[in-house]
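Each of the next two complexes has chain A plus one other chain: chain B in the first, chain C in the second.
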Partner chain A sequence: MARVIFDGVGKKYAGGGANAVTDLNMEIADREFLVLVGPSGCGKSTAMRMVAGLEEITEGRIIIGDRVVNDLPPKDRDVAMVFQSYALYPHMSVRDNLAYPLKLRKVPKAEREQRVNEAARVLDITQFLDRKPKALSGGQRQRVALGRAIVRNADVFLMDEPLSNLDAKLRVQTRAELIKLHERVQTTIIYVTHDQVEAMTMGDRIAVMSLGVLQQLATPQELYDNPTNKFVAGFIGSPSMNFLDVQLQGSEGRLYAVTPGFKMRVPDTKGRALQPYIGQSVTLGVRPEHLVERSRLGGDAPPDATIPVTVDIVETLGNEIFVYLTSPGTVLTSRMAPDIQLTSGQQIEVAAEPERLHFFDPKTELKVA
Partner chain B sequence: MSAEAIRPFDEARGAVPTVAAVGSGRRSWLFGGIAQTLLILWTLMVVFPFLWMIVSAFKSNPEIVFSPWQLPDTLQWGNFERAWTEAGIGRFAVNTLIVLAGSLTGTLVISAMAAYVLARFEFPGRQFIFYLFLAGTMFPVFLALVPLVFLVQDLRLFNTYQGLMLVYIAYSLPFTIFFLTGFMKTLPNEVGEAAVMDGAGPYRVFFDVMLPMAKPGIIAMGIFNFLGQWNQFLLPLVLMPNPDRHLLSQGLAALAIQQGYQNDYGALFAAMTITMVPTLVVYIIFQRRLEAGLTAGALKG
Partner chain C sequence: MHYQKYRLIVPFLLPALALYGVFVLYPYAQAMYLSLTGWRGLSANKPWVGLDNYQRLIEDERFREALTRNAQLLVVLPILTIAIALTFAALFTQGGQAIKGAGFYRIVFFFPQVISAVIVGMLWSYVYNPNIGLLNGVLDGVGLDALQQSWLSDRSLVLWAIVAVAIWSSVGFYMVIYLAAMQSIPTSFYEAATLDGASRWTSFRDITFPLIWETIRTTAVYLGIFALDFFVLVQVMAGGSTTTIARRAEVAALYLYNEAFDDNRWGYASAIGVALLVLTLLLSIVFLRLAKRETYEY
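Take a look at the complex of A and B:
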């Protein structure tokens, strides 16, 4: 059993400056694959390194299993780590690299060999066991780094951007292998990345961080459908969500989002939550894939719930097209099916289903509806 | 010491213009040509006395005096025999090897450990200690000579191998630590952290992981200090006056004076050849590693 609990964890570096991590609270279940994601400098690596014991915890507690590990040295935490640069021992053969953690734990030689061979078999690196790391390709080194974690049977695996040094194709392949590996070894994994695609595809749950603060901890689908704030909404999804500053106006019991270019009726389902914002500005967010040409909207959109726009640029990708749309004061991106015929300069109307519209408070950036 | 010890470094650097001159275009070809010509001249100037010394070591005394430019009629191996036994070069060589074995080991072990800590750990006074060592590189041996003699005498190490070893180590540490600190800083941090995660304590991290990774730098400093300490003359002269304990450099100096009276130039040249050969061999074998080690930091940074 190895759950990992962050209890009010903070990290302050000597010499002042902003906190690297502020009041982080989350519970990672046993055998969960948790992804820590965020832009560089958001504190995700620092949070992970505090679990590893490579960084001191300056506030709060970290609990692994049932032990508070704040004052435990790394070797007593039963945590294995895979580094971004792989960090293999360059002067040791692959076999010795894999055996090193076992040797330090005084595992008998016979068992050591057996575990190394087993890990090598799982990762398909048996034929490289007697090579030095420098004679391996990036993908092979990556496997050795994983192997060094696997042989230990540690309770918790930490992975610090392990795929970022691989080329695009290999990355996709290794991503799938890591998911399979997790099913097989059944350990708790904390995985750090700045790549939201990796986060979405691999994580049981995802913790989105920004400026040292946890923004949202949820399943990939929940993050996508229901982001708690503008940062999460913009970070998850590619191309990222469109944001528009709109004025909320009420007339005849209906709500309208108004910009210099259009006046769009706000779905009634959002009305209640938006009441306090009538007469003020809010941020309207809609994902590119949810912004469709009016006639394609399932059911029929009320005529005043659409946005009139001009087609600016059309990018064809084969299986889909990206359309850049302009309306006075705003630019919108839309992701549409490739069978639609659009030309630059064409006037169209776009709309989104009511539940696909997100409204954010412009000051706190929290989602209000 | 430091001025002598620096020399191989400068020689290594002397090779750089040819490398830099490799390139396209007429101009670089012209400069390359001039540089090559100058280097060939320089090489002749350096190599010729060496060759003359080696050739003379095989000549008889009259040959050296009356036909200095000719090759020997018969090889006079007896010169080497006399140099080794009668002139005591054999004994001096053993003395030198004993001192160097201790002083080189001491220098490298202490320097590697100190450099590792200075390069990798944050602690109060780190900068101060580092600059203190750096200042040591600027302190000429001559200034310390008299107090050094008293110090070594007070330690009852005058005329002993250990005394000379200690002084050699002390004088080699500043530059070696300075160099290795820079070298250690270029080593990837994550590998050390990986060892920590694998369960290694500070000593294990150093000996199992960081030290092997620092090997090119340590080898470079080993050769560098071997050359510097082998060529050391002043320190043994004042700290090892006992003729039984003379080192090669002292022995050779004494021999130069003595053989002048005995008119045994052949043995003198043979002695010089014996003295020079080990440094030459070490340098030729390890030349690539020395240069690679000396520039490794720059290339990685």
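Take a look at the complex of A and C:
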């Protein structure tokens, strides 16, 4: 039963330099699975470690449940953490690793054993209980690390890139197991990762951070459909969104996005928000999967709403193809169905649904339409 | 294939092996041979006496007393040195990381180690001087003059006064070794332990200590060897074989020295040397075996 609230939280390291975290405000609901995602150095781990009490909070407050925990020592915060390196004590058996937090909390031996066995059963590690961590595979160690959090019955689980030491296949599998586990243990989880696929697949909501600042806090779909700025737009989605610098021109009541290579009509739905930018440059963003060959666009794209391009490279992935397209001054990536026959050097026209076009202010990088 | 490999390796090893042979193995062999003679040190005549020297050694009361002192040192010296060095090392690290200023303390504590043992001994002889010494002076100054002693001329104190100096001079060295071992333990273990509810002491007991056990074991053997030798400080601070007080600090190695250089009984002294060698080897092996634990990788 615990929500976690960041209230104007900031972190400045003693060495000086920029803030690791700046004015972080968010509320994580009880039993929510929140993913903190961002490139390395964005402050996501620092934010999480402040919840754990492993880093001091320079400014603001962190509230767990109903308690302000700023001055509470880590052990009294009722949080459990899974470390990237798992941090399993190498000299203790799996059983002792799991029982250690309970032992320190003076849980009676019988209950200790019962809780350890229960956690081991949930995670399917019962047969390894008497082994030392070094005799376990990466995936098994990872489960023991999870087990050490589970036995605690903590209100909040913190997970610091727990899957990054696993190989690709195991990572996908464990991802699903973690989601199931969350349904089962019903605790608040704060999960840090730099992998946007992990973030998108696991999070109830995702907090995207960059340079210590929260960029957007939203559901995965919302982040994908409606990124608030260019950073979020580029960070979420793979391959990442195409960005083009275009000049906005108005003529005969219509708006056109102009580059040296093409002149594309801007959908009318975007027109109003873009009025102030007429005569100026804006950043046009479109996801590779939304950039399709003209004939495949549902409905009829107006002839002047397309972008003429030359096919440069076609990468076949089996279920889809990545097509790299060039237009004078720009390179675009498109993700298309594999049945389309394209060859290098071919001239085609591509277009996107109006609502799939994003326009960003080139200076503030905020989305304007 | 193997043969060819060794043909290449052997010439490279030869110079080092030759030096080792001449300066280490040969003297050992020579000492073993001498221990079977009644050589007096100066004459070319080395009368063969077989195992007589060893026979005498077993019955020699003075040797037994000296060895008893070594045995006391063997218990006291490693335990105290390790305990103090570990305490300091633990105080200078927190969560696997050195605290601020640890570098400074490390250097200061290491100072005695770079001073030659003879100088350390002389220095402390002055400190312990009952009339002009710093120690009694300080005791007097703080009103503890009741505790003033003639440190090095008190039969029951002399050996322990020297032991204190030995600990003083070696604690820094062992502290540096433990610091390095502690700093190689990943920080995340301590962070995990902190979240698990461990205090600084429980972290030390449950994580640091078991994980640096291998280092402690090795240093314990060093200290054990040091305790079985312990020649220099005793020679410098309580040397001279004749006085009864000096006798109270006579360790086996000093007895060896006195037999050889004062009484010219080189054959007998060699037998003492060989006995010490065998004893040291045996104790080291037994201890290393008994204290063996699994090694941990992290």
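Methods note: the second predicted complex is superposed on the first by the 369 of 369 C-alpha atoms of A that agree within 3 Å, B and C clash if a C-alpha of one lies under 4 Å from a C-alpha of the other, contacts with A are read in each partner's own complex, and residues count from 1 in each chain.
By our rule, a residue touches a chain if its C-beta (ideal position, glycine included) is under 8 Å from a C-beta of that chain, and two chains touch if they have at least 3 such contacts.
Everything quoted here is computed from the prediction, not taken from an experiment.
Trainee: Just from the overlay, do chain B and chain C fit on chain A, or is there a clash?
Mentor: These partners clash in the superposed model.
Trainee: Tell me the contact category for A:S238 with respect to chain B and chain C: first, second, both or neither.
Mentor: After superposition on chain A, A:S238 lies in contact with neither partner.
Trainee: Pick one for A:Q280: touches chain B only (first), chain C only (second), both, or neither.
Mentor: Once the two structures are laid over each other on A, A:Q280 reaches no partner at all.
Trainee: Could you say whether A:M81 touches chain B, chain C, both of them, or neither, answering first, second, both or neither?
Mentor: both
Trainee: In the overlay, answer first, second, both or neither for which of chain B and chain C A:T269 touches.
Mentor: A:T269: touches no partner chain.
Trainee: Applying the touch criterion given at the start, work out whether A:K134 contacts chain B, chain C, both or neither, answering first, second, both or neither.
Mentor: So A:K134 only meets chain C here.
Trainee: Applying the touch criterion given at the start, work out whether A:L104 contacts chain B, chain C, both or neither, answering first, second, both or neither.
Mentor: Both: A:L104 reaches chain B and chain C.
Trainee: Shared contact residues on chain A for chain B and chain C?
Mentor: After superposing on chain A, chain A residues 52-54, 74-75, 79-81, 83-85, 87, 89-91, 100-101, 104-105, 148, 152 contact both chain B and chain C.
Trainee: Okay, in this complex, where on chain A does chain B touch?
Mentor: It is residues 52-54, 74-75, 79-81, 83-85, 87-91, 100-101, 104-105, 148, 152 of chain A that touch chain B.
Trainee: What part of chain A is in contact with chain C in the complex they form?
Mentor: 52-54, 73-75, 79-81, 83-85, 87, 89-91, 100-101, 104-105, 132, 134, 148, 152
Trainee: Residue numbers of chain B touching chain A in their complex, please.
Mentor: 188, 190-191, 193-201, 204, 208-209, 212-213, 215
Trainee: Please name which positions on chain C make contact with chain A in the complex.
Mentor: Of all residues in chain C, those touching chain A are 186, 188-189, 191-198, 202, 206-207, 210-211, 294, 296-298.
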